[in-house]
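Order of writing sets the labels: A, B, C and D. Residues in every chain begin at 1.
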Amino acid sequence: MKNSAILLVNCPDQKGINAAIADFIFRADGNILHADEHQDHERNLFLMRVEWELEGFKIDMREFAKQFQPIAERFRMDWRVALSSRRPKVAIFVSGHDHCLADLLYRHETGELACEIPIVVSNHPEVKRWADFYQIPLRVIPVTPENKREAERQELDLLRPLEIDLIVLARYMQILSPDFVREYSPNRIINIHHSFLPAFVGGKPHHQAFERGVKLIGATSHYVTEGLDDGPIIEQDVVRISHRDTVEDLIQKGRDLEKVVLSRAVRWHIESRILPYGNKTVIFD
Amino acid sequence: MKNSAILLVNCPDQKGINAAIADFIFRADGNILHADEHQDHERNLFLMRVEWELEGFKIDMREFAKQFQPIAERFRMDWRVALSSRRPKVAIFVSGHDHCLADLLYRHETGELACEIPIVVSNHPEVKRWADFYQIPLRVIPVTPENKREAERQELDLLRPLEIDLIVLARYMQILSPDFVREYSPNRIINIHHSFLPAFVGGKPHHQAFERGVKLIGATSHYVTEGLDDGPIIEQDVVRISHRDTVEDLIQKGRDLEKVVLSRAVRWHIESRILPYGNKTVIFD
Amino acid sequence: MKNSAILLVNCPDQKGINAAIADFIFRADGNILHADEHQDHERNLFLMRVEWELEGFKIDMREFAKQFQPIAERFRMDWRVALSSRRPKVAIFVSGHDHCLADLLYRHETGELACEIPIVVSNHPEVKRWADFYQIPLRVIPVTPENKREAERQELDLLRPLEIDLIVLARYMQILSPDFVREYSPNRIINIHHSFLPAFVGGKPHHQAFERGVKLIGATSHYVTEGLDDGPIIEQDVVRISHRDTVEDLIQKGRDLEKVVLSRAVRWHIESRILPYGNKTVIFD
Amino acid sequence: MKNSAILLVNCPDQKGINAAIADFIFRADGNILHADEHQDHERNLFLMRVEWELEGFKIDMREFAKQFQPIAERFRMDWRVALSSRRPKVAIFVSGHDHCLADLLYRHETGELACEIPIVVSNHPEVKRWADFYQIPLRVIPVTPENKREAERQELDLLRPLEIDLIVLARYMQILSPDFVREYSPNRIINIHHSFLPAFVGGKPHHQAFERGVKLIGATSHYVTEGLDDGPIIEQDVVRISHRDTVEDLIQKGRDLEKVVLSRAVRWHIESRILPYGNKTVIFD
């Protein structure tokens, strides 16, 4: 397994940022594996992802923040560093549609998703068989309009001691309250919406798509913000449909899309390839 | 060139429609080249396209309506027949963006679009070079907020004696008045909208897409109705974009999409492959 | 569940075939649900699929062949009829890569694949967990260069009493002998090849693709014939790759393709939507 | 217009290359606009593209080679630098199919292709109208089996004084001799092949695709080497076809593909985004 560090940087653009970072890594004997950057000229922003090998790197990563501090201050950086050896902890939330759950657990098992999955949370007990199959703990927390606040409290109590880094809503059909979202803000909850956003916001998007008579249907993975379906988009894809397709056909074709579009987002997040800024994302792929 | 007739039928679904139509054509010695049908079970509709060779067909097509009348009445059909030998007359409306115009005229020249194009109408004189290149008459009719009603009157006066069957809005940036649209209703005006409808209705969709941070941009060809951008969709397609793409890149990538998505719609209309019903279309491809 | 009959016809093209078939169904009070046809003008062939409701149909389907015989003879038809109520029996063969197996069993469970799966055959015991999970019988038959003939004999002995209609090679890494293929000829074995055929025939196509530096990789589902990788193609799809992708990335991206491309082929076969002729297929979708 | 320099580097991978380059540019007060890199771990290669603004850059670009020499030597770099202010000179070769020619000239006019096109060369006089329309000089040089060597000599005599940087074969149907190719080696001739290479190498690929019954057709742009159709691939794309499509339909659908796939390759070459190595290309997009 790769033993590397990944630095994500967001700061006002000016000359010398690349040189300062590259020089800092080189002086500590780091071998850069990949560096990519992006400038947003309208907002005068510099956004960068750089990954280097830790084998032979002369800075103890527990000291990294202290050592990097002068550069970060000089360029007024918003930054974070991730270690490939530290697998993020991911909680998956799911309701009755289990295709995304089954898909994520399969990819996790094959090593495609380099994370821990210490818990699956569901308001539907039927998904237990998947948790059992992959030997992942499941907690069933039913949600009703009446107990919703209490249910979210239980969920948060469950997640906190697990030190969850990311919540994945794998077709979880409950809308999270703003309080819940704030606990995992910014950008620590990923949702899959079964339409090509911003078309067909809200409920039953396949029915909406069918009614409108579109010729392609889509799926969108995005970070969850307090507003419904309007967080930063991570990935989207579409598939062709025709007049022959019923709503049920759309739902079935949608499943294949949703699996792929959600799993790409989760993978990129885990690999620290996503740099959200404003209401957008930069994907360093 | 193919010498064929195409029958498009829309009627309440019941047993025996296929048999009645196939038998009618067979008895007159017609050779069916292609037949396709669709049922909308929710609305109990039967929709069909059948094409047959006229070589050896024993009914004079001028008498077809009379001969077919008993079947049409029996099944309460909404129907029409088209002859491949009669090339539809198409007027192209265009403003300053000439890529769709240039593309349609090229496809017309190669025979991909089996129509006549007796006139190009523009509110921008710059497109004259394309009309000259392909030797198609051009009429420049400037449109301002003040003269809009008068301009549309001039356009209608121009089109009527040409017996135009279809108007193609090839990035024509003026909104047609309901009165104008009614003259070519239902479903005789095709527009290209530079977004994946219903996302980004209205003006400057590429700017809207850029602001929203979507990962794909689209184009939609549709029939024009009195409501803006909400007529029956004929065709859609998308192309992938990334954070690197500026609004100008979106506009450039959009051009390639728009050409393809509009030309498919025009081709299918000309070949009588589109059966609009409700606010949708069946494409018999 | 739909209770319908599907007739697939392949015969020399001439006038009156549609009329004869539609009339035959109508006289027995059948309601045609869908009819589609295709002519191959080069070979003068007429190819048709017609599906009708059996509710109210006045011919006992056990008598269908006898009743339909005069029409079949008159037009020299190669034909067969399938009943939606009779779910085809499918055997899945798999080796160590289990993604297509897991995918097919999931789709089977959701009802997307309307078939029975009485047996999974594998030369790798590891796939047992999937058979157990979905409660499908598994038979492990190891294959070595030495025992190959004997292993195939065991497989055939296993399949015959189960009256298997279709064998699906879901990344089964053994090449079937011509004798085995003949038992399920013509066109009763579907394979998934992990390349865009005819590019990269044979072994390790992802390695071949990587070496050649292609910008898209593909997958192809096809009927198995005695020649390697050259049977009639049923479905193909591709995904974009870049210079960043290693062979392992290609293998991983390929998995998503293979699942979709194989499952479409199996679904179409089960729904009698494929009409193979010559070395090609017509897909009535 | 952007006034920038682009450095392309190919060298053995080792620590400190990024730092050395970024530091070099920073010391001369260059503002890096974009930097991207790739490592080929199998071959231990480091490949990089870095673009910086020349406004305020303190090194006279005529002196760049001399100043950069120590770094280049230290890391044993194969490198070149391009200036966005120097528009490459492109010659387009075309035969009777003029769709790619018309498309490239349109894109050139809109500014999408930032190059000069001092000459179009054709063995078919019919393309004259496009040269006239866009006011580009045309030279018609007929090619027969007998005069081929002489024709190529005329072509080379024509191109040399124009100091052509890149030859684009826009459906030029003559095979260039190895001698000719060597004059523009390595990687200074781009061809569009109308198939998804390596499938359907050689002549009439659409006919080959039709015979094989594939479900997608493709197009491939690649650098021309002395071997037929086997140079480094730059870009590929595909479009779906069905049993309904005749060879003529394939040819028509192929045209749309070829235009897009060729124009992307030409654009990337002009913008110094392609780094060929071995028989592959890195695309810094």
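Observations
Please note the rule applied: contacts are C-beta pairs under 8 Å (C-beta built on N, C-alpha and C of every residue); 3 or more make two chains touch, one makes a residue touch a chain.
Just so we're clear, the structure is a prediction, and the values are computed from it rather than from any experiment.
With centres computed as the average of Cα coordinates, no chain lies farther from subunit D than C.
Should one ask which of A-B and B-D has more C-beta pairs in contact, the pair is A-B. Taking each chain's centre as the average of its CA atoms, subunit B and subunit D sit 37 Å apart.
If you average the Cα atoms of subunit A and of subunit B, the two centres end up 42 Å apart.
Shown for subunit C are the residues in touch with two or more other chains, namely 38, 244. Within the complex formed with subunit C, the residues of subunit A that make contact are 99, 102, 106, 110, 112, 129, 133, 244, 252, 256, 260, 285.
Here subunit B touches subunit C in the complex through residues 14-19, 21-23, 25-27, 29-39, going by the rule given at the top. By the touch criterion given at the top, residues 38, 196-200, 212-216, 218, 232-238, 242-244, 278-283 of subunit A touch subunit B in their complex.
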